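Shared between the two complexes below is subunit A, which pairs with subunit B and subunit C, respectively.
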Partner chain A sequence: MIRRGKGVGCMWYPIGFTVLANPSAATVKVNEDGTATLLTGTVETGQGSLTVLAQIAAEELGVSTDDIHVVSADTDTTPMDTGAIASRTTYVTGNAIKLAAANAKQILFEVAAPLLEVQPNQLEAVDRKIQVQYFPQRCLPIADVALQAQFVMGRPPIGSASYNPPTVGMDPETGQGKPFSTYVYATQCAEVEVDDETGEVDVIYMSAAHDCGTAINPMLVEGQIEGGISMGIGFALQEEMLFDDKGLQLNPNLTNYIMPTSLDMPEIDVDIVENFDPTGPFGAKGVGEPTAVPTAAAICNAIFDAVGVRITSLPATAEKVLRAIKEKNDNDQKILPAAE
Partner chain B sequence: MTDVTLIVNGETKTASVPPETTLLKMLREDLNYTGSKLGCDVGDCGACTVLVDGLAVNACLMLAGQAEGKEILTIEGLSTLEKYHPIQKAFEDVAALQCGFCGPGMIMTTKALIDQDEDVTRQNIKDALSGNLCRCTGYTKIIEGVIDAYQEITGKKLPEIKPRAA
Partner chain C sequence: MADEVKVADKTETVESLRKIDDNLRLPSVPEKRVFPKEIDVSAARMQTPAVGQRATRPDGRMHGLGQTKYIDDMFFPGMIHAKIKRAGIAHAKIKSIDVSEAEKMPGVMATLIGSEIPVNSFGPSLQDQPLLADDVVRHAGDGVAAVAAVTEQQALDALEKIKIVYEELPNVFDPVEAMKDDAYKIHNNESNIYASKTIMKGDVEKGFADSDFIFERTFTTQMVEHVPMEPHASIGEWDANGRVTLHSSLGRITLGRADISRTLEMPINRIRIIATVVGGNFGGKNEITTEPIVALLSKKTGRPVKCVFTREDEFISSTTRHPFVMEYKTGMSKEGKIMARKVRLICDGGAYCSWSETTLGKACILSAGPYNIENLHVDAYAVYTTKTMTGAMRGFGAPQVCFAYESHMDDMAAELGIEPLEIRLKNAFNEGSASPTGQVLEAVVVKDSLEMATERFGWKEWRK
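And then the complex of A and B:
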């Protein structure tokens, strides 16, 4: 018989480790046509980080994301980056880029201020213009200001900056400290169908509520969450590396190491719970790894809700679930009072 | 060595290859069509999917010789320098791909599905894509991209799925 169950899994996840140096750096150069070039050492692996980092630079400079040309991941030309690891890119590299763009913008402000007859701190960069705050009609195109800076004032509008979440050593006595800059939180709920005659588990629905600070690019956040859920489903139900007693992997291929396909994916609802973090670029934190953390817990809780068995070693394969159901049934029978 | 002639993306191409050469190896190494990817080489991942006479085929499982004289369509045959194919455009618009490694295979599978000229449901799409593995996206946005491309190309509408009660 097919039995349905629902389960919840919650998690927190740290962003921006502080126990070791964790720097990122960036250079932002505003070009004479009003576009900008961003140099960053970080690596795009498909998560969309370069898009998000370009958005951060664009927002700071008041230009469009399309105006930002990103040069990345080549230490011949870009600063070294700690890496696309630990869900740190938006937060740590993003902060470095925001600071670098702010430095370039400061030069533009100082060049534009006398032309607009105000102080630099009265200016803002919006819609590809440098304009006087509260007097948007008093403005200059950013391209003109960059041209003026380069060829008249002799001050090329280039900003460089680095960001390292303040390193805090752990107390060697107590092992306590502040190991991370900030944290994200998430809850995922799973609905499963368990066949109690075969032990087979089918995840039919997942909902995922994730706090990632400001979602700089909600579409990419959704993509991260959906991808994380598929990895979580694999971890919960299918994926297992098997080793022989010499430590050689027995299933080093996709024939025997079973990962989810399109048919294993449930309907997913993603809920981005926005939350401004004052230490992140425009309030952003991160979303990468956290997305795969609560999935297996939610699924195992849903299995318990459906058939009353606790699976404590993953993956919860049909064999394991069926064995647990049989054990439970045997135990339940034992405690029935003997018939008179 | 045997001479094998294929019609790849409309162009006739011949190469002299050892008889055990797979279609994928010939495309990638002898003819330089590197858009089709080598994921597993044993038919598990779908990264090598190309169309052979209109059917989606794992090019790693077909010998080049078996494709002699047939029409092969690879990912390179879809877009022109000016323009994406509507499937590629739909995938881009919804951010269907992340690392993109599965992309050429996913897109060729989608092309075969849409070319069948039959009414398609969400379940058909999931079935069609089930031979193409993706480690990054959870397939959700890929399925969205396929739906958009299908609707754009055929002018048909997919049956709406009811949103779940809150």
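And then the complex of A and C:
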């Protein structure tokens, strides 16, 4: 018989390395037409980080995402970066890029100020223009200012900067300290169907609400969450590397190492929890790893709700769930008073 | 009707199937691919302000049109291929390695063994891992020799001719057994425990004494692989000036370059790493693997050398997610407030440290969950075993401990007769809560996320 259940899993997760320095550096070069090139040492690993980083540079310069060309991941040309690890790219590399773009922008402001007959600190960069704060009628196109800076004033608008999240070392005896600059929070809920005759678990639906500070690109955040859930489902129900008694792997191939396919994916609803982290670039934190964290917990709690068995070892394969159901039935029968 | 076969929904005769259909033939000359001259850029990419826009990715078009160049798509003039011989034995002393027969095989241009690598060790916290094992094999996927040949098949054939004499050593597969004093010491250290972390906050014994109920449960998790679509890959080219260029699937090139400099004993300014768009990382591509090997094979042959892991290499020789043993003991008030928690984590570190120390540290801090617990004691240990090494993988220990603390939470909720959502809201961090390490937390939205996810789910209205 198919039995349905619901389960919830909640988590917290830090951004960046534990205590250790994990800096990023970046360079932003504004071209003479107001477009810009961003140099970063981080690597695009499929999550869309370079697009998010372009958006951060664009926001600081007041231009559009498409105005930024990103050059990444070449140790001869791009500045140092701790890399695509520890959910740190948006937060740490993003902060470095925001600071680098601000340095380039400062040159534009200094060049534009006399032309607009104001002080540089009265200016802002908005909508491809350098304009006076609270008097936007007085403005110049960013392209004109960049051209002026480079070819008339001889000051190419190039900015470089670095960022390292501030931490406090942990006491070796008690672990007390400030190991991370910031954390994110998330909850996922799962609805499952468990066949109590076979032990098979089918994840029908999941809702996920993740905090990532400001979502620089909500579409890419949603993509990360859906991808993380697929990885979480594999961890919860299917994936396991098996060894023989000699220590040789039994299933080092995709025929016998079972992982979720598109057919195993449930319907997913994603919500982004509104939040703003004052230490992040435009309030952003990160989202990469946390998306795969609470999935298995939510699914196993849903199995418990459906059939009343607690899975204490992952993965919750059909065999394991069926064995637990049988054990529970046997125990339940023992509790019944013997018929007279 | 015997000569009729059913093909999909159509009924066709065998004769008609035998006829050559020109429409089904592959063209002898590849079709010209014409890309649209005017590129449609999504409106979201053109708008200001840029933050908050659903901007499309420029690499999406490249992926869609098959233009993205992964390492395996790259060819350089004269390029040859490397393959790595795996030990196939979990724990053994290497008595001898003989590559002479392999070198005589057709197409073979060079071989490499561990003793030829200037500094044959690496690792992000402990440098305990050889690039190619030269004295002891500590897990079955350890590389023991590499061959570079004109084709991949020739390199594979030559691997078969490498003769290695092993002296078997005792295996230690269970991390709990490995922690015992009398267990065989895999790295000749005093203990197989190579990292330990502690968190102490409040008075856990007093907290248990003040509790109305005590709950205990042990949870375990399994070893899993990252399974990126693109396996680990690299191409090394040693030029006439003694400068090496590496195209690599590494996810952290700056530190990769430092590791290559250390293992090859070369100044950093003679090393260039170019990373492509990586076809999936998930933590698995955060360390060097084949890069120094292809560099040295290129130095030996004067050719660019490519090495791409097979799926089997990926499973048996790259890092994986740590199996954990997690013992939880929690004291609860009858109202459902967590009074005290004691946690013991044992992390199966496999043959080498890799990112285990970091994983252990994060797991230790996160193991209490996003809950206010005044009295907390966590002990965590990373232990060597003679299995595939474990390392960084999406979550650094968090998915393991989250499975444990959230399962434990529902166990307790069921016993106390409290609704799972309610017990979480009762204990969750608030703005300004102190973390297990005493850090004051800001911008805390645990309760918002709980409410939002359950609201979307229809938690309260949901019926079986």
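Quick notes on this structure:
We take it that the second predicted complex is superposed on the first by the 335 of 340 C-alpha atoms of A that agree within 3 Å, B and C clash if a C-alpha of one lies under 4 Å from a C-alpha of the other, contacts with A are read in each partner's own complex, and residues count from 1 in each chain.
Definition applied: contacts are C-beta pairs under 8 Å (C-beta built on N, C-alpha and C of every residue); 3 or more make two chains touch, one makes a residue touch a chain.
Source: prediction; values computed, not measured.
Of the two partner chains placed around the shared chain by superposition, subunit C is the only one that A:8 touches, whereas subunit B remains out of contact.
Judged by the number of subunit A residues each one touches, C leads among subunit B and subunit C. In the overlay built on the shared chain, the residue A:185 is in contact with subunit C alone; subunit B does not reach it.
Residue contacts after overlaying the shared chain place A:170 against subunit C, while subunit B stays out of touching range. Look at A:254: by the touch rule set out above, it reaches both subunit B and subunit C.
When the two complexes are overlaid on their common chain A, residue A:263 makes contact with subunit B while staying clear of subunit C.
In the superposition on chain A, A:48 makes contact with both subunit B and subunit C.
Within the superposed three-chain model, A:230 lies in touch with subunit B and out of touch with subunit C [touch as defined at top].
Subunit A uses residues 45-46, 48, 205, 219-220, 228, 231, 253-254, 259, 269 to touch subunit B in one structure and subunit C in the other. Those residues of subunit A lying in contact with subunit C across their complex are 3-14, 17-18, 41, 43-46, 48, 50-51, 54-56, 58-59, 62-66, 72-76, 80-86, 126-128, 170, 172-180, 182-183, 185-189, 191, 205, 207-211, 213-220, 228, 231-232, 234-236, 239-241, 243, 246-249, 251-254, 257, 259, 269, 271, 273-278, 282, 284, 288-290, 292-298, 300-301, 304, 306, 310-315.
Every residue of subunit C that touches subunit A in the complex is listed here, in rising order: 41, 44-59, 88-91, 139-141, 171, 173, 197-201, 217-225, 227, 250-255, 257, 271-283, 285-286, 311-312, 315-316, 320-321, 358, 361-362, 364-366, 369-370, 378, 386-388, 392, 394-396, 398-399, 402-403, 405-407, 410-411, 414, 420-421, 424, 428-429, 435-439, 441-446, 448-450, 452-454, 456-457, 459, 462, 464.
The touching residues of subunit A, when paired with subunit B in their complex, are 45-48, 205, 219-220, 222-223, 226-231, 253-255, 259-263, 265, 267-269. Of all residues in subunit B, those touching subunit A in their complex are 39-40, 42, 44-45, 94-95, 97-100, 125-127, 129-143, 161, 164.
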